[in-house]
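Have a look at these structures, which come just after this line.
Shared between the two complexes below is subunit A, which pairs with subunit B and subunit C, respectively.
Right after this comes the complex of A and B.
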């Protein structure tokens, strides 16, 4: 037995055998490297979320004397308020925005990945160039275009058509502006999945008798679905909590769930109610992420 | 097997003066070739010689700048790949990763609106031919390289094409599997009687599988012929070099007699080479080739009746398993490679041994007349 052990030692000689102490040190290094981001997330993400959760059930309150455990806000929100309606409206609008963005971004990504050839990275740069401007500025710019005295309406007045009210402070404006903001962003994951496509698959399909359209439908589209789903999720989840764009171009008609939360905190001073809404949104997003995540990973496994 | 000029009408595929350039680069510089029905024809050449471009023009992925391509007598220039009755086996298989084996194989049939029942039957039949029964539900990623290769074959052959085009299909497989698949391909081709057009840069693959080999170099055909002809009677120095190991000797003819050239080197050394149909007379400069395995190594004292006899010194001995390779510096100055079976009759020469190289006149050929 001892001899056997010796022989193993001999075999290993020359290669550093990780000792227990060294392994321990390596563990310490890993922990040290991770401690930064982990504590950052803890302090600025987990703790605030827990605090919001506490606010929603009255464990924390704006005024110290009021605090007691209560599900009042949750009950009011879920059963007695207009905000569930606003939530579903936001879901519908987010769906609309996501689908619109993906539909608009797909041809762009396709063009870049499969048609543009060597120029694709230059064009990609052009497409992401709007990101150099602040999100807020890009949204505000649309006020200049769509507003009552805006570019479009001034032009219409010039050619003798009455100004169109539905252009601004409307759901349409929210759709338009959000889709505009998201398209270059969601083109990226679709671009990545299309660029990874083995072009000989398209030739194989063509060779086996498929037209270009059939090849797109049966090969290109299914194989780029992971990118499409990722793009969809990228848009859907942030849009569900969106409040700046509806605030700036949506008006009352474009009012979304995020605006509801803002109202509860800043106009109603009902932090408990606002926190319940926030927690509900976080929960809804997490459920959606889990659903989409399973769908996406299922797809990649099946390939 | 067939003379290109006489089989213009009943050939499965006929290329007529086909040219193709990419920008200023000439990929195919005028190729004419008839491929007979049921033939296994190999396009053999180094990378960039135009063999793949030629195949892609037959498939329809590239259009020739000039010339005609006939499939069963019909000019298909300008017809897109999906309207051509040939199918291709891609280098890296190009199986659809999101489809099962069954779905991959029936892809072409579905597009041709073959009824479901017939589709099932033909897919099952073809999977039996490629010996993949029971793999219908697997995804390509769950198959080994060899199995993926078989699926690619089945997917193309199930459509019963006029010809199957294979673009270096075995390149991605390891040596052992490649040998096995070579036999399999040959068996499948024999079983189905489909015309195979096979592109490879591997001369051994070409020699072992083909009915005819077309050696392509710099966009032009160097030689078309049966494997044995291409190997034993290479038409050009390029063919001799590319197909097998080239032993080339530059000599001057001293005498031409009875269809043979005699080169006298010294009173104990001479070369005898058949003239073939070359115009040779006394005094002509020649390039003569002899295959390494046709040369015998003997001790200087041995008596021999062989036609050609050349003396030299062994410089290096390389043991290759079945074969032993000798590099011998001859009195002519050229270094010759000699292959000897590593069996019990092996000569056992070592480096620096003086040896005599002998071979029969028929085992040498004239590659070029200056």
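Right after this comes the complex of A and C.
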């Protein structure tokens, strides 16, 4: 227990408060401790977000002659014919991908944490191994598997079935590839929460006559829920703004909200509109985080 | 340690102080950025050339060329190197919008290589100055149809060096070359085997097929709406919307795609593997040019002109045509050293006529770029 901890304890119990000098030292130490991460957040998160917000209302503009304050971009975005529809399409896709990823990853994490024994870290390394290759390569590899002349369609042809065009350049391909990409990410937080389980609880459940299924349903699953929800959030938030995978494998139906933002910035060169879309997405994510925050104690996950 | 952090976070003074510092830092950043923009705005576009310049010998000498990847190779500036100038320093962009955005953000270079449709944007940014064409000995030999596209107010802001078409590549075993139209890209009889490029130029091509009355680069809202609806209606015929040209080449080779939005290099790279033809549509092929622009504040003014001279040599043009499948602006390129099939496909035998209306419609500044982009978004989202 440090001197600082002691001083906090005395304050809590109503004993004499620490001296002014000691409080000053405490403030200096905490300020020093916080300065690094706070500066990082300020420079690389808060300031950029504020700048994007300024771009969205024309307080900042890319071209000097466009310098004017306007809510035009927000109006066009909120009352435009497609963008809210595309947003909800992206939400549906992200939900689907997140749920699929969690369902696929849970058994893997369970196996690693509770069954694999001493080999679990080796197996964990195997699961994480695909991350050693480029994201783009992993996505494009699916073309070799699902494409018109890919492994699956070649096999279908071999057994006399017509090639299936919907396998690639489709929403199915987007779901599949995103789920594949995110499963290892999802497995990790679930693995951590399962590994932290007190095994004596499982033994107690068994001693009390519960079946394996009941033990899983009544003990393991509820105790691992913080990890499951954290994993869900890990996937849901990034895939909401995803644009590379839909661009590469989505074909004519692959347009997502992230693609709209990318197009506004790059093709349309309309930073004001792209910034309005980006701010909306940031706002939506913050709301979702607040909602998820009501269901999960992030401290319990971290512990 | 956690209890210490908890104490700080619980403390109202800590929160207040934190928010205060946050606001100060955020505000400072925003004001700094605003100041940058206001300064740029007051400078105005298209800074003029300084009257008194240090001679070539007094310049720093190492040019910074902001380029497309692949345009750093020495055959493109061999004569510059041969004169003993130091090798340029290259940095790369993946698209013109990115380069323009970085430039607006303060990134500096001596020479940049955008398409002619963005000359006005660089001018508006105040980032460029006109070339002194008298210092470029090859300039009189350059295609006037192209160089005109690099001019603003009669001044040559871009030395257009290379060009190409945005036409259609077709599989001749499935599509009739005699139709010779952008209608391949919307043809119901090719359903499931059509590939568009991810660009609002598809709307322009639809406009050409539909014969809209307004200028396709600056359509009326009604015409743009008509083109958008036509594209949405024909989207059902698509195999995909390509973003990677090598992927499109493969799809053409393998027969997955029978008609695709393509540049001539697609035909150059697939013609030995599949029965293909490159179509320059009868409606007028959309053409693009790109070239070198000179930074308004360059310290390598004369070196930059020497570099532009190297890029516009006939030998450089021959190399560009034979190796990249792009056209070159120099009219004195020795075509006897180019495959006759390439000469025909590019129309290199009459580059001035083939790059002028009605044969071609040269890319230019689009004042309604954002409207076109949103219409294109609607097509993709449909």
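Convention: the second predicted complex is superposed on the first by the 251 of 303 C-alpha atoms of A that agree within 3 Å, B and C clash if a C-alpha of one lies under 4 Å from a C-alpha of the other, contacts with A are read in each partner's own complex, and residues count from 1 in each chain.
Rule of thumb we're sticking to: contacts are C-beta pairs under 8 Å (C-beta built on N, C-alpha and C of every residue); 3 or more make two chains touch, one makes a residue touch a chain.
These numbers come from a predicted model, not from an experiment.
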Inset, instruction - Identify which of subunit B and subunit C touches the larger number of residues of subunit A. - result: C
Inset, instruction - Give one of first, second, both or neither to describe whether A:214 is in contact with subunit B, with subunit C, with both, or with none. - result: first
Inset, instruction - Have a look at where A:223 lands relative to subunit B and subunit C in the superposition and call it first, second, both or neither. - result: first
Inset, instruction - With the two complexes superposed on chain A, say which partner A:206 touches: subunit B (first), subunit C (second), both, or neither. - result: first
Inset, instruction - For A:24, select first, second, both or neither according to whether it touches subunit B, subunit C, the two together, or no partner. - result: neither
Inset, instruction - Kindly classify A:259 by the partners it touches after superposition: subunit B alone (first), subunit C alone (second), both, or neither? - result: second
Inset, instruction - Mind working out whether A:198 is in touch with subunit B, subunit C, both or neither, as first, second, both or neither? - result: first
Legend entry - Complex contact set, residues of subunit C against subunit A: 3-5, 7-8, 14, 18, 21-22, 25-26, 29-30, 33-34, 37-38, 40-43, 45, 95, 97-98, 100-101, 104, 121, 124-126, 192, 198-200, 235, 238-241, 243-244, 247, 251, 254, 256, 369-370, 372-374, 376-378, 380-382
Inset, instruction - Mind listing the subunit B positions that touch subunit A in their complex? - result: 59-61, 80-82, 87-88, 90-92, 94-98, 107-108, 111-112, 139, 141, 155-156, 159
Inset, instruction - Report the residues of subunit A in contact with subunit B in the complex, numbered from low to high. - result: 198, 200-201, 203-211, 214, 218-219, 222-223, 302-303
Legend entry - subunit A - residues contacting subunit C, complex: 2, 4-5, 8, 26, 29-30, 33-34, 38, 42-43, 46-47, 50-51, 54, 59-65, 67, 76, 80-83, 85-86, 89, 143, 148-149, 165, 169, 247-248, 251-252, 254-255, 259-260, 263-271, 273
